[in-house]
Amino acid sequence: MSSETWFGLCGAVLVGLGLFGLITHPDALRKLLAFNLLGGGVFLVFGTIARRGAAAGFGGDPVPQALVITGIVVAFASTALAVALLRRLAEAGGEPAAAAPAPLAEPPS
Amino acid sequence: MAREVTTIVAVCAGLFFFLAGTIGLIRFPDTLSRLHALTKADNLGLGLIALGTMLQAQGPLQALRLVVIWLLVLVSGSAVSQLIALRVYRRSGQS
Amino acid sequence: MNLSPDVDGGLAVLIAGLALWTIAVRDTFAAVIGFVAFGLVVAVAWMRLAAPDVALTEAAIGSGITGGLLITAAAGRRRRPPPQPDGRPRGIVRIAAATASVLAAVGLGVAVLSLPTPAPTLAPNVALHLGLTGLANPVNAVLLGFRAVDTLLEVFVLLLALLGVWSLAPDRFWGGRPGAAQRVDPHAMLVFVARLLPPLGIVVGLHLLWVGAVAPGGEFQSATVLAAVWILATTAGLCDWPPVGKPRLRLVLVIGTAVFLAIGLAGLVIAGAFLAYPPAYAKLLIVAIELPLTLSIAAILGLLVAGPPSREPRR
Amino acid sequence: MIAGGPIVSPAATASHGHLLVFAIVLPVLGALASLLAGGRWPARIALSTTPFGLAVAIAIAVSVCRSGRVLDYVIGGWAPPLGIALRADGLSALMVLTAAVLIIGIGLFAYAQFSAPAGTEARGSSVFWTLLLAVWAGLNAVFLGGDLFTLFVALELLTFAAVPLVCLDGQADTLAAALRYLLFALLGSVLYLLGTMLLYGGYGTLDILLLADRVRPGPIAWAALALMSAGLLAKAALYPLHLWLPPAHAGAPAPASAVLSGLVVKAPFFLMVRLWFDVMPGAADQAAAQLLGGLATAAILIGSVVALRQTRLKLLVAYSTVAQIGYLFLMFPLAGGVPAIHPWGATAWTGGALQAVSHAFAKAAMFMAAGLIYEALGHDRISDLAGIGRALPVTVFAFGIGGASLMGLPPSGGFVAKALLLTAAVAAGQWWWAVVVLTGGLLAGGYVFLVLTRALAEPQAPIKLQKRVGGGRQSIALMLALAAVLLGFVPLRPWAVLLIGRPASASAGL
């Protein structure tokens, strides 16, 4: 199996792990970690596609590489906003747990 | 040829120190001795690897970069271990 | 690098293992450490995927600054643990989640394996038009040339994220400084490092910006290094975060997007389209965009780490 | 033609194409200026930006109607697949116009609430106005973007502008609602992004028009469609991914709720339409469309029933949004699937689009009315509303006629939308969707009348208002509600504009 396929499949595994963590972890900070893993998996799939597109003397297709850079920066901004929300919530006396019941677990009331 | 051999020897020696440091990190009983094992071994290990790869560098500029990297890791490593040690020291004073 | 694919297979397994640890370990702090290690190994993977620009970004932002942010958040929780959530989700939810996750991973794996060969690529297209941007680094030609509008909107998104973080401050702190008041111990180790590193960090940051035209690097990587220097200096107490109401700070934050937009709109007149550059001036215009952009991004990244204003402004 | 580039035939960039750039750039400039200026300026800057934005939106609509074809613009002169194009078809033009009119209404409504006291810079006002402009920029970018990754950035723009609006009051419960909203939105974006990348890996472009030619059914197209749809549904709050919506929309201040419920949730719906009808009309089969219809049915029925059981007015209105989003997705089984083009497809398409617009106006009006009632009474308990009909007749009237549009009472925009969906369902021989539309209308009637009977009841003791509510804001709510009704008076023929950019055979049924 070629290198880029290894990383592509690794990306698929990360997406699965991240998704599971995001749904099942009751703690919002752990959800955030899972979201970042999920993002890492998505970016690795980008990397696979970029590497497969190597041509014209470039080691990879520069378009998906540029998109990943944009994606990483946006993911950081998301994490920063979520962390700020978490900390503010802890100060406001609300329990972070209340913010994070598993999305499927709550009866619609 | 002599260059290649020196590189291999230096990098292998560096790896040995890294291994020793890692074992120390896992096996030693308390934070201070772990820190001791880790920093000594890692600084030396990285230095040896930098030395080995410097011999393979293309031009003096690249070699200089490797030296700078080693120095940076030395500075940050010693600073961080100072901070950790200080914290351990203060905590033990409290209890 | 001529390592065999087996090495990459090992790397992939290591990445997946670190991810599993991050998800499964009980202690949140340990999970965060696992995530930082994960980010560093992923940066190596990006080198192996022949994407040094991305590797730099992943190491600096994906692992570095994000890791720092999460470590601080987790450490804060250690000091003041949050109330325990009322139990783990019910078994049926976990089973449903596991099924969905496995389905997603398998479906994605199948899709990855059925990617067409030869792979469709825009690399030749980029190579053909690279000269018109005056840049030699294809990734930056995409970011600031062919797909410049994405980058423009993205920097605006960063600015909004910062405004969102600020908006969480209680009313009385609006306009004040973020972070706790600092007390400097001139002999502390951290202060020594914070005095030693900034000159070097600034040189490295500007170097990354400058070589971005021809080699791996660019405004995002450069800005991250500059932001890291700023964060280090404020953490050590050498300088303080600025009050968020300060007009000069607002100008620094906005100027990158504003100049980008202005040059883009000027393109309507001088080159016939929004964000078009006349080939003769392309490189000059792109540098004119990049310099203020780096300044703004560095300031935004630093302040995103600093968090909402938490001290009352001096009236 | 530009930069000697790869470049476009002159015909490809229409003469009014730069209008599309202005529609996005103008609110961005406004947001930058209000962030920079601070103090009392954000409100002034935002309000003075709106007429220009409306003018651009009208110009786009006129240009699309006059030419009868898609308006497009190639950014930087770099033609797709290397570069990025902006495009406005009939539906985009309508949505851009809707957004502009609603933003003006919401801006005027918010002026009383969020104009800063003299001298100092207040947090709430400064943040609100900048974010309002940012939401507008994000919406226009979503409606006009022709590239899937640009659309991702636009979605993120919208998320970052919308989430802080939820927790402007800084209370623990709205902060928790904002955090939950953020997590759902982030999951949605990352799944959408993954699908985008798979499409690039499979077909070598992110441009919607080019993809439409190249996409073939297969594992890549299916995986991409599934991932992107799941992501967009989480953002659009379609059942069962709706749990974040009620606390977020009910917790926000009234003008923010109007933006979120009226406009922001329409953006992921719009992208679903782009994805299913423009990017891959062939990839999704009838079974997938029926599944979406099933989720829509669950949303309509469960959302309405839960709304009926609410004790607080704002939550009732929020759950009503969950139900009304369901109607939007009824469009997919009726107007889509394989083969994509039925005679009734155009009917369902028009119905879906009208539902999006009329719900935007009606729901904005209802959230404003609910906000005014809350402000006047100091609470929004439905059981204690008696007498408010006499105290704030205009507000309650606005709530009522907004509700009439939701129920689908003639004559109103909601009536035409639901009648079109009903007609399409009967014509398609899929009568079960007709039953859903009618039942949903009855349930909506239930919760609207529940509120109205309480509000119009004679109070046991004369009610004391906590705060006087100005007539200006009441009449803005009323005007938006009237706009939702007036949509029902527009004869059907002009709506053919909506089909600009659709395949020619698609307009046969109208």
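In this document, chain identifiers A, B, C and D correspond to the written order of the chains, with residue numbering beginning at 1 in each.
One rule holds for everything that comes next: a contact is a pair of C-beta atoms (placed from the backbone, for glycine too) under 8 Å apart; a residue touches a chain by one contact, two chains touch by 3 or more.
These figures come from a predicted structure and were not determined experimentally.
**Q** Relative to subunit A, which chain has the most distant C-alpha mean position?
**A** The chain farthest from subunit A, judged by C-alpha centres, is B.
**Q** If you tally the C-beta contacts for A-C and for C-D, which one comes out higher?
**A** Taking the two pairs in turn, the one with more contacts turns out to be A-C.
**Q** Centroid from C-alpha atoms only, then distance subunit A to subunit C, rounded to Å. What do you get?
**A** Here subunit A and subunit C have centroids separated by 14 Å.
**Q** So the centre of each chain is just the mean of its C-alpha atoms; given that, what is the distance between subunit B and subunit D in Å?
**A** For subunit B versus subunit D, the centre distance works out to 57 Å.
**Q** Centroid of subunit C to centroid of subunit D, CA atoms only: how many Å?
**A** 31
**Q** Among the residues of subunit C, which are close enough to touch at least two other chains?
**A** 104, 108, 115, 119-122, 126, 128, 146-147, 150, 154, 157, 161, 164, 168, in rising order.
**Q** Can you pull out the residues of subunit D that are in contact with at least two other chains?
**A** As it turns out, subunit D has residues touching two or more other chains at 82, 149, 153, 156, 160, 163, 167, 170, 175, 194, 198, 200-201, 204.
**Q** Quick one: which residues in subunit B touch 2 or more of the other chains?
**A** Touching at least two other chains: none.
**Q** Let me know each pair of chains that touch one another.
**A** A-C, A-D, B-C, C-D
**Q** Show me the residue ranges of subunit A that touch subunit D in the complex, using the header's touch definition.
**A** Counting only subunit A, the residues touching subunit D are 15, 22, 28, 31-32, 35, 38-39, 42, 45-46, 48-49, 52-53, 63-64, 67, 70-71, 74-75, 77-78, 81-82, 85-86, 88-89, 92-94, 96, 98-100, 103-104, 106, 108-109.
**Q** Can you tell me which positions in subunit D touch subunit C when the two form their complex?
**A** 1-6, 13, 18, 21, 25, 28-29, 31-32, 35-36, 38, 73-78, 81-84, 121-124, 126-127, 130-131, 134, 137, 141, 149-150, 153-154, 156-157, 160-161, 163-164, 167-168, 170, 175, 194, 198, 200-205, 218-220, 222-224, 226-227
**Q** In their shared complex, at which residues does subunit C touch subunit A?
**A** Listed in rising order, the residues of subunit C that touch subunit A are 5, 8-9, 11-13, 15-16, 19-20, 22-23, 28, 31-32, 35, 38-39, 42, 45-46, 48-51, 53-54, 57-58, 61-62, 65-66, 69-70, 73-74, 76-77, 80, 82-90, 93-94, 96-98, 100-102, 104-106, 108-109, 112-113, 115, 117, 119-124, 126-128, 138-143, 146-147, 150-151, 154, 157-158, 161, 164-165, 168, 218, 220, 301, 304-305, 307-308.
**Q** Which subunit A residues qualify as touching subunit C in the complex?
**A** The contact residues of subunit A facing subunit C are 1-21, 23-27, 29-30, 32-34, 36-37, 40-41, 43-45, 47-63, 65-70, 72-81, 83-88, 90, 95-97, 100-102, 104-105.
**Q** Give every residue of subunit D touching subunit A within the complex, in rising order.
**A** 82, 149, 153, 156, 159-160, 163, 167, 170-173, 175-180, 182-184, 186-187, 189-190, 193-194, 197-198, 200-201, 204, 240-244, 302, 306, 309
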